[in-house]
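Each structure below appears as C-alpha cells.
Two complexes are shown next, each including chain A; its partner changes from chain B in the first to chain C in the second.
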Partner chain A sequence: MQATLTIKLARVAIVIAIFALWEVLSRTGLVNSRLLPPASDTLATLADLLQRASVQNDLMVTASEVLAAFALAVPFGALIGFLLAENRYFADVAKPLLFFAFSIPKSIFLPMFILVFGVGFAQKVGFGFFSTIFIVIMSTTTAVESVKVEHLTVARSYGATRAQTAFRVYLPSMLPVLLEALRISMIFNLTGVILAEMYASRDGIGHQIATWGENFQMKQLLAGVVMVAAIAMTFNELIRWVETRCSHWRT
Partner chain B sequence: MRAKTLRHLIVVGLIVLWELLPRAGLIPELFLPSLSSTLLAGWNEAAEYGHALAVTLYEVAVSMAFACGGGILLGAIVGSLPRPRLLIMPMVSSLYAVPLVILYPVFTVWLGIGSESKIAFASIYGFLPTMLATAAGIQTIDPQLLLAARSMGATLNQRLVRVIIPAAIPTVLSGLRVGGALVIVGVVVSEMLISSAGIGYLISRYRTILDSPHVFAGVLLVLFMAIAFNTAIRWIERKAAIWQTGMRAGQNAADEIGSGAMQPAT
Partner chain C sequence: MQPLANVTPLKPPPRAGAIEVRNVGQVFRTRSQDVVALEDVSLDIKPGRFVVLVGPSGCGKSTLLMMMAGLRAQTSGTITINGAPIPQPDPDRVGVVFQEPSLFPWLTAEDNVEFPLALRGVAKAERRDKAQDMLKLVGLDGFGRRHPHELSGGMKQRVSIARGLVQDPPVLLMDEPFAALDEQTRMTMGDELLRIWATTGKTVVFVTHSLTEAVYLADEVIVMSPRPGRIVDHLQVPLPRPRTYEMLSGDAFGALRDRIWRHIRKSA
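Let's look at the complex of A and B:
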C-alpha cells in the first residue's frame, strides 16, 4: 500500500515537473514566449475558452460525431467479429483479408471520404466508423476466443439453455476483454474523427485547433491541445477503472 | 470449396468489380475511378509522383532513424530498471489515448511547413510503440537464462551481447514493424494536412480539384510503400526467428503489439 502511494505521488510529481519546466522555459526567455506561452497563461486561456459558446459548440459537434461513429461501428463490428469467431469456414476465408485491412494505414483513405460524402457530418462519422470497425472486429474475435471450452461443456452438460449460456458463461468471461476493446476502439474513433476535422471541416474541435495553428494563436492552440488530451485521458482512465472492478470475473 | 481458393476468388472479384462498376456507371467516377484509369493517371504523371515519392521517402527515413533509435534506447532503459518501469509505463500507456494528430499544428508553428515539422511529428508518432515494444521485450526475457549466464560467470558485456539482445530481438522487431508503419502514416498524414511537397501533398491537391484518378494513384502508392515495408520487416523477423528462445511471454508481447492492443490509431 505504502509503495503504491509513493508511486502515485511520484507520477503526480512528474506531471507537475513537466508543467513547471514549461512555465520556467517560457518565463525566463530561454524559449521565445510567443512560440511557447507560459503554462499558467495557457491554462488561463483554456478556462476562458471553455466559457465561450463557439468552443462549447465545437465540442458538442465533435462529441456527437464521435458517438455516432461509435454507435455504428461497435454493434456492426461486434457482429462480424462474433460470426468470425463462431464459424470456422467464414473465419478461414475472411480472417487473412481482415488482418490485411487492419494492418494498412487508414488515414490515407480520408480524401476518398471527402470525395464521396463531401465535407460534413457524414464524412466524419464515415471516417470514424472506418477507422474503428477493424479493431472492433479483431477484439471481439479475441473476446469470444477467450471463453474457455471447459466452461461451455460444463454449462451444456448441466443443461443450460442458450440464454443462460450467453449470460452466465459468455458475457462474464468476455466482459474484461470487451471493455478493453471498447477503450481501444474509442481511442481509434476519437483520432479518426479529429483527423477528419483537421483535414477538411467547418466545425468541430479538430477544425478549431487547425485554425488556431494556421493563425499562429499559440495560447489558444496549446490550450486546445491540453483540452483534447485531458478529455481523452480521462475517458481512458475511466474505462480502465471499470476494467479493474470487473477483473474478478476474469478466469 | 477450400477456404483459400474462395479467398483468392474474393480478392480477384474485388479487383474486377473495381474495374467494372465505375465503367458500367454504377458508381460515379468521382467516388471510385476504375482501376485502369487510376493506374493510367499514375503512369502519365510518373515524374511528378516520383519526385514526391523521393521527398516522402527522405522524410520517412530520417523520422525512422529518430523514432526507432530513440524508442529502442529509451525502451531498453525503462525495461531493464524496475523502478522507472513501474513509474512510467502506466503513464505512457495513458498517453496512448491522446490523439497525437493535434500536435501537428504546434509543430508547423514551431518548425514551418517544410520537412522539419513532418519529421518531428512522424518521429513522435512512431516513437511510443517502438519504446513500449523494446521495454516489453527486455522485460520478458526468461530470468532463468540470465541466472544461468551469471552463474557461469558471464560479464555484463557478455550477458548483454549473448543473452539480452538476442532474446529481445523478436519483440523489438515487431515494435519496429508497428513503429515504422506509423512513421509512414505520420509523414503522409502531415503532408496531407499542411505542406508544400510529398505524396500526401499531391493527394490533397488533386482532391481539392476533384481529380479522383490522381487521388487514388497517390493512395495506391502510399499503400504499396506501407506493404513493402511490412513485408521487409516480416522477412527479417522470419530470419531472426532462430533467436526466438521459445518464451511464451515474449511471443505474447509480440502478438499484443502486432494485434493493435498497443498500437495507436492511424
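Let's look at the complex of A and C:
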C-alpha cells in the first residue's frame, strides 16, 4: 500500500481534527467535562502517568504477559496448523471442530482460568494463549495451503532435498501469510491479556484502566486508553513494515 | 525404416540426449475402477531432435513427459535417458520447463535461474556467471534484477527456459510452456525456442495442444489418442530450417497439420 504525500497529510489532519473536536466538545461544555476531560488535559495526564514507577511497573507486567502468551501460542499454533495442513485425515477430523471452537467468545471461559490458575501471571498468560492459538492454527493452515504445487514440483525436478524444499519453497511462500497471521494474532493476544487483567488482577495496565474506570478517574482512564492504543498500533505497524519488505513480490 | 546402426554387432553406447521409451503403461487406480492413462507406449528419440507430443486432453502426453523427467513412475515398461533409467529427477540429464506459474515470485529473474545451482551449493560467483550467460542466451540480458511480476508472460517463460538449461542437461522437456501466452507472443517464443535449440543442440521434447505449433517447431510429431493414451502416429516433418512464417500457409505444412487433425478428430 503506497500512499502519496497528500493522502498521508489528510490522515494526519483527520487525527488532529479528532483531538481538536474532543478538545472543543469538552472545553465548550457541549459534553460534560467530567465525563470527557479535554484532550490536552488527558495528554498531560498521560505524560504524568508515564513518569510514575507504578504505571511503568504495570506496563512491564502487561508486556511480559503479552510476550509470554505470544511466545507460547505462536509456535504451538503453528505446529498444529502445519500438521493439520499436511495430514488429510487429521485435517478432515479437526478442522470443523476448530472452527466451532474459534466461534465461541473466549471471554466466557475467563472465570475458569481464574479458578484453575488463580489470579496472577499464569491466569493472564493462559488466557492470552487461549485467545490467540485458534487464529494461529487457522492462519498457519492457510499459509501452508498457499504454497503452490507447481513450485514444489519445480523444486523436486531440480533435486531439492526436504530441507531445501522447506527453506527455499515453503518458507518464502508462506512468509507473507505468516506475517499477516502474526499481526492479527497479536491483536487477539493483547485483547485476551488486557481483558484478563481487567476482569481480575492485582497489576497490569488493564487492571489500572479498570480501576480508574470504577473510580470515575476519567483523565487517567482516557490516558490509559491512549497508551494501550499507541502500544497496539506500534506493534501492528512494525509487523506491517516487515510485511511490505518481505512481500513486495506479491501483487 | 531403421538406420544402419542396427547392423553393428555391439550396441553403441547411447549418446547424451537419447531417450528410449519401451512398452510404457500407466494405470491410475481409483476406488471404483482402474483408469488406463497410457498403454504400451514405445518411442525412440535421437539426440538433438526436436520432438513434439500432441494430442487431445487426457491422452497422457503430459504424464509421459513427467515420467521422462523422473517426476512420476510408470506402472509398466522402461524409460531411459542417456541409456540409464530415470527413477527420480536428475537435473544433470534433464531440464524441465513447466507452464507459466512455475517461477518463484519472491526471487529475481537471475535468482530463479540460479535456483538449480543453489540447490547443489555452487559458489555464488559461478552461479551468477552461468545465470548471466543463460539470460543472454534467452534474450533477457539486463533483466536479471527484475521479479517475475515485473516481466511479461513471454519473458517469464524465457526465464523458465534459462532455468531449465542452466545445468546444461542434454535433454530439455517442455510441458505446454507457451499455452498461457497470447498468439503473437506464442509465435515469437516459438522462433526464440528454435534459435535456442539450434544454438545449444539439446534434445527437446515439447508437449502442446496446438497443431500449428507442433508442425512449426518439430522434427518429429508424435500424435497420441486418449483413453487409453497410446501413440497413433509418428510423423517426420521434412520442412527445411530455419522455419519461417511463410511456411505456415504452404501446402506441405497444411498437409501435415491435416493429417494430425484427422487423428485427433477421430479420437475426440
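By our rule, the second predicted complex is superposed on the first by the 245 of 251 C-alpha atoms of A that agree within 3 Å, B and C clash if a C-alpha of one lies under 4 Å from a C-alpha of the other, contacts with A are read in each partner's own complex, and residues count from 1 in each chain.
One rule holds for everything that comes next: a residue touches a chain if its C-beta (ideal position, glycine included) is under 8 Å from a C-beta of that chain, and two chains touch if they have at least 3 such contacts.
Please read all numbers here as calculations on a predicted model, not as lab measurements.
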Are chain B and chain C a fit on chain A, or do they clash, once the structures share the same frame?
fit
Using the touch definition from the top, say if A:72 reaches chain B (first), chain C (second), both or neither.
neither
Go through the superposed model and pick first if A:172 touches only chain B, second if only chain C, both, or neither.
second
With both complexes overlaid on chain A, does A:154 touch chain B (first), chain C (second), both or neither?
second
Contacts for A:199 in the overlay, against chain B (first) and chain C (second): which applies, first, second, both or neither?
first
Chain B versus chain C as contact partner of A:233, first or second or both or neither
first
After the superposition on chain A, what is the angle at the C-alpha centre of chain A formed with the C-alpha centres of chain B and chain C, rounded to the nearest 10 degrees?
90
Quick one: chain B or chain C, who's touching more of chain A?
B
Output check: A:225 vs chain B and chain C. Expected answer is one of first, second, both, neither. What do you get?
first
Of the partners chain B and chain C, which touch A:190 in the superposed model: first, second, both, neither?
first
Could you tell me if A:7 is touching chain B, chain C, both of them or neither one (first, second, both, neither)?
first
Overlay on A puts the nearest Cα atoms of chain B and chain C apart, in Å, by 15
Interfacial residue positions of chain C with respect to chain A in the complex:
69-71, 88-91, 94, 96, 98-99, 101-102, 104-107, 115-116, 118-120, 147-149
Show me the residue ranges of chain A that touch chain C in the complex, using the header's touch definition.
148, 150-151, 153-161, 164, 168-169, 172-173, 175, 247-251
Interfacial residue positions of chain B with respect to chain A in the complex:
3-4, 6-7, 10-11, 30-31, 86-87, 90-91, 94-106, 108-110, 181, 184-185, 188-189, 192-194, 200, 203-204, 207, 210, 212, 215-216, 219, 222-223, 226-227, 230, 259-261, 264-266
Residues of chain A that touch chain B when the two form their complex
7, 10-11, 14, 35, 89, 92-94, 96-97, 102-112, 114-116, 131, 135, 138, 142, 180, 183-184, 187-192, 194-195, 198-199, 206, 209-210, 212-214, 216, 218, 221-222, 224-225, 228-229, 232-233, 235-237
